[in-house]
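I'd like to ask you about the structure that follows.
Lettered A, B, C and D in written order, each chain numbered from 1.
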């Protein structure tokens, strides 16, 4: 398991390749990548992600550990950025390796669902109109009922 | 949409990075990669994948088109190899880009479920004991009932 | 009607060739299967259990009771194992 | 009991600081909230709607009726928006 909370950008290609190459005994590799949407005509200038140093790493480790307990997984990777991000930049990624695809998919969805509303990150969007904290979605809270 | 049926190896890192970089207006990118399992002590020497040139491309295009009709997707990528593969080599990958993670995940799972039993590929495993065609799994056929 | 008949995976191995041309008056896939079964033991063996076989007409999956219509290519193969 | 109190996101902005030390005899999180509410308007405002807030004791999510026990760090913040 690798958990990285970092300000620096990450290289999806290099991370995905390294993760997969490290688990050739696993038949299925799933990755999820979250991107700051770069919409034509959108006024989003930048996104700032705040987090709770110390608790963030603990919360992510707990979520990943729970995923490993629930599914038959070879490994889990979670990378989440904080600080300033521009539209089009990657915010975070998770990767799961499993002998079978169902486990790899479900564990990745589980990680994402919990990461959305149980890891202490807060997004703020800066537009021409000023700054606004992104509101948590009921759908994200409801998504946890699945597990 | 890009569909590639190829004998050559592909570079997961480069493909994932290129796919994500091409869709910065999408918030969610999911990839699935299938690997020839390289198990310690396993006698698998190599896997040979046979396919039906012409029909393969049509079947994959049909599956990807159906995914795009069912979910709100920005794009779909499917790469599937044929020919000789060694343990640890990547067999195939799919990638989906969507505004929301649920669409990206579900579409990727749909692609995989259909690709398993509706695209004309046949795997043969070579071990010290000889060659054996991989049998289709009932679970893979049953997986289609979900959709 | 002149057809290309294609065989894949163990069907190809049992019959011993990947492709052949056939002049036939078969109306359905099943008629064609019966005709092939009657040819030689290796065909009878390959087509002994249809539940273990799949068929495509002109590169589209179909059923054994499908009409051949103006088909140009019929393929027989085991259940697919992609992914 | 001496506590580090942490605020994040708009809670931090409303209160005007990210962290403060507090000497308190509060038994539960709710006691602590009442004590903070009584301090100044900016605290009363930040804590006006507890349904919009989350709390962690020593970096573990908990409820407002939780006992502080021998907590060293209590954090208040809005619902999380990671991913």
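Operating definition for what follows: a contact is a pair of C-beta atoms (placed from the backbone, for glycine too) under 8 Å apart; a residue touches a chain by one contact, two chains touch by 3 or more.
Bear in mind that the values here come from a model prediction, so they are computed numbers and not experimental data.
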item: Centroid-based (C-alpha) most distant chain relative to chain A; value: C
item: Rounded Å distance, chain B centre to chain C centre (Cα mean); value: 26
item: Computed distance of Cα centres, chain C from chain A, in Å; value: 48
item: Residues within chain C bordering two or more other chains; value: 83
item: Sequence positions of chain B contacting 2 or more other chains; value: 34, 101, 112
item: Chains touching one another, given as label pairs in label order; value: A-B, A-D, B-C
item: Chain C to chain B touching residues, read off their complex; value: 6, 8-10, 56, 59-61, 75, 77-83
item: For the chain B and chain A complex, residues of the former touching the latter; value: 11-18, 20, 23-40, 87-88, 90, 99, 101, 104-105, 108-109, 112
item: For the chain A and chain D complex, residues of the former touching the latter; value: 34, 50, 52, 54-55, 58-59, 80, 91-92, 112, 115-124, 133-136, 141
